[in-house]
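Structures are listed in the sections that come next.
The two complexes that follow have chain A in common; it is paired with chain B in the first and with chain C in the second.
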Partner chain A sequence: MASKNKSPEQKQYEKLEQKHELKRPVLQNCVKAFFVGGTICLIGQAITYFYIYFFHFTEQTAGNPTVATMIFIAMLLTGFGVYDRIGQFAGAGSAVPITGFGNSVISAAIEHRTEGFVLGVGGNMFKLAGSVILFGVFSAFVVALIKTLLQIWGVI
Partner chain B sequence: MNQIGKSAMFSMVMVISLLLTGCNLGNTSEDSRKSMIQSVNPDPTAIEDQKGKNYKLAEKVKKDVRSVPAIYDVAVLKGEEEVLVAYKVKHMQRMHMKRIEKEIKQKLEKNYPKENFIVSSDYKIFIEVLELKEKIRDDNNFSKEKAEERLQKIIKFQQELT
Partner chain C sequence: MLKGKQSWVFPTKPVIESSSAVGGPYEAKGKLASDFDILHDDLWMGKDSYEKAHTLLIEEAIETAIQKAELTKEDMNFMFAGDLVNQITPSSFAARTLAIPYFGLFGACSTSMEGLALASFLVDKQGAKKVVTGASSHNAAIEKQFRYPTEYGSQKPPTAQWTVTGAGAAVLSDNADKAGKLVTTSATIGKVMDMGLSDPFNMGGAMAPAAAETIIAHFKDMQLDPSYYDLIVTGDLAKIGQPVTLDLLHKEGLKIDSQKFKDCGLMIYQENQEVQAGGSGAGCSAAVLYGHLLNEMRKGTYQRILLVATGALLSPLSFQQKESIPCIAHAVSIEVHP
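Let's turn to the complex of A and B:
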């Protein structure tokens, strides 16, 4: 951890660093993420309609197979090395939708393949995705608790 | 496997799934295909009689639901005991779907206290009602019993949550 009191050399170095540091194109990144993330969601919506139209799913129930399909597609793209390129280009746009979750699972599995199935693939597959599941379940629990309390008190 | 082999396999999977979808398209009616992108305003339908009392009731129900400003397409199907009302909500009003559903149900129950209404904003239910309506209209061999049976299936389907 950096100490609060910086030596004159450190301050000088900081100035030098700021002078040479490249500025991040925040707006450009946001626009890219917006469009790529939007496109992924558009594909998801199309798949939802596919399930509603051709199979026996309602708008309520079509969510589950859609999520499974999106993760399956992300898995294929990760395996072929295409998703990495999308990720480099779009950043959060490809990480935030459910496909980013699929990508994190599969890429960890590929990376640790050489360490064996149990300790390698099995042990590391949910390294990143595990925290997503944990905090997802926990936040769902908190929200459900708040909703239940509000219903008991008659607010909603 | 080399790069070309992989992409060839991937595109083959895509082509097969597209072909499978293409084969299925033949079974759907034109109205239900159109309803995905535009308003089709389907005629109300009654299983029991095509021009009698039940039909008039369905027509009235449709008019009532149509008067709700947040809605742009309504399909009404009057069965033996239930009246199934499927509607599409305007895109900007989709945040208030639950409120709209409650509003419509209350309105209908107030206006027609003797009827049993099943109200749904689900697109699948809308398509199913359209398909059943077409079947009743076009297929002479399609009996009332069969139509009622299918209506019950749609109602059961509407209640599914997972």
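Let's turn to the complex of A and C:
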């Protein structure tokens, strides 16, 4: 039964069920996400400055080692079973930054270790991150295409 | 013996000779820790995969139940068991080790009562002298199959439920000496209900109509008043499903005292444990009934209880394909024989 075509009985039940359903505390979640996400970005910024001042990276080139470091930290936190707890608290705050992407890859790799390296880890590592990569690359392509066209037409 | 439309009464009153419950680390910190026979302090339980640990849970529960009845595996005519993993491998693999003639069941989280109803019917009709029945679930193995990797940092909504790591089992027999023993007296088999809810993070809400339907059918078939039971316990409806069920029952004119209406998913954990709406999983009702509730009955706290185990019959594929969640509930009444 598709959820679109609901019978009157089903609609009536849905109303009754809604009365008791606990709602997500959206505002509270947004505030938590803002502060935790902000803190993660603050740490990222600190690491960027660290690479610029101590390892002679420039503002443009410091991005890659920063991302690698953040993912490394996310990997440790995932492995020690801390990242999912941060995730439950922070929601989008810990899911949106690059550490969330790292966590999705690493958690899947750990989860499927018991099915071996090839079919388990290899086959499942990107099961959550795969769609992020696919649609990330695709949207980058579309945006680049639009920019190129606008440049050709002399709009920008 | 059939009574009414969908209920069985068991005139010979099959005896629950013994029962056992096995739990994991999170259950060990819960409210009912003292009612478990075995508690594991680690989800791996010394095995190299969660699925193998899951198999161990049901194996241990069944072995412990048989031992407590002072019987051996060879005395068991049949075994009824089930779980939530694809193709119910943990139960079947446990049946391989135990070497008891086996019926594998799938009723999602209602499996515990599906097993107890069938086992009681079989013993009542002299199809078996001794039967063992059980159900189990393992948090990490089930989350892996139905949701995200355990370490993935997604935020669960307050309606989500925590899969219980646990198993429960009971040995039923046709023992003629019933005085003071626990017996099963009747069972009601539920039909599949679908009220169109499709959120897998709100199973309690989806299962409530099935629970209400089975409870209503039970009292109609048995021509009983809800006050007959000291306690009516649902399987894993948790914080949302339980009040919704009570609402549905009151709407139908069934006067159930909310003090006598409990839910295994709300009983197993402490308030401060982070389980969102409550516990769930095939092992939830099995461990709470075969551990805590039967212990309470042996102590004399309750004389008659009705356990209504509820199951959400979805698969990871069915909800990705935007199907709604069909649900089922089965009820078995357990009494202390005078």
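A few remarks follow.
Definition applied: the second predicted complex is superposed on the first by the 145 of 156 C-alpha atoms of A that agree within 3 Å, B and C clash if a C-alpha of one lies under 4 Å from a C-alpha of the other, contacts with A are read in each partner's own complex, and residues count from 1 in each chain.
Just so we're on the same page, a contact is a pair of C-beta atoms (placed from the backbone, for glycine too) under 8 Å apart; a residue touches a chain by one contact, two chains touch by 3 or more.
Quick caveat, the model's predicted, so the values are computed rather than measured.
Room for both chain B and chain C is found when the two structures are superposed via chain A, with no clash between them. Residue by residue along chain A, chain B and chain C are tallied for touches, and C comes out ahead. When both complexes are overlaid on chain A, the residue A:Leu76 reaches chain B alone and has no touch with chain C.
Contacts of A:Gly100 after superposition on the shared chain: chain C is touched, whereas chain B is not.
Looking at the shared chain after the overlay, A:Gly44 reaches neither chain B nor chain C.
Touch criterion met: A:His56 reaches chain B, while chain C stays clear of it.
Annotation: superposed on chain A, chain B and chain C show a minimal Cα-Cα gap of 12 Å. Interface of chain A with chain B (complex): residues 49-50, 52-54, 56-62, 64, 76, 80. If you check the complex, the residues on chain B that touch chain A are 6-7, 10, 21, 24, 28, 36, 122-125, 127, 157-158, 160-162. Those residues of chain A whose C-beta lies close enough to touch chain C in the complex are 1-3, 6-7, 9-11, 13-14, 16-17, 19-25, 29, 78-79, 81, 83-92, 94-95, 100, 103-104, 106-108, 110-112, 114, 128.
Within the complex formed with chain A, the chain C residues making contact are 48-51, 144, 148-159, 194-198, 202, 205, 208-209, 239-240, 243-244, 247-248, 274, 277, 322-324, 326.
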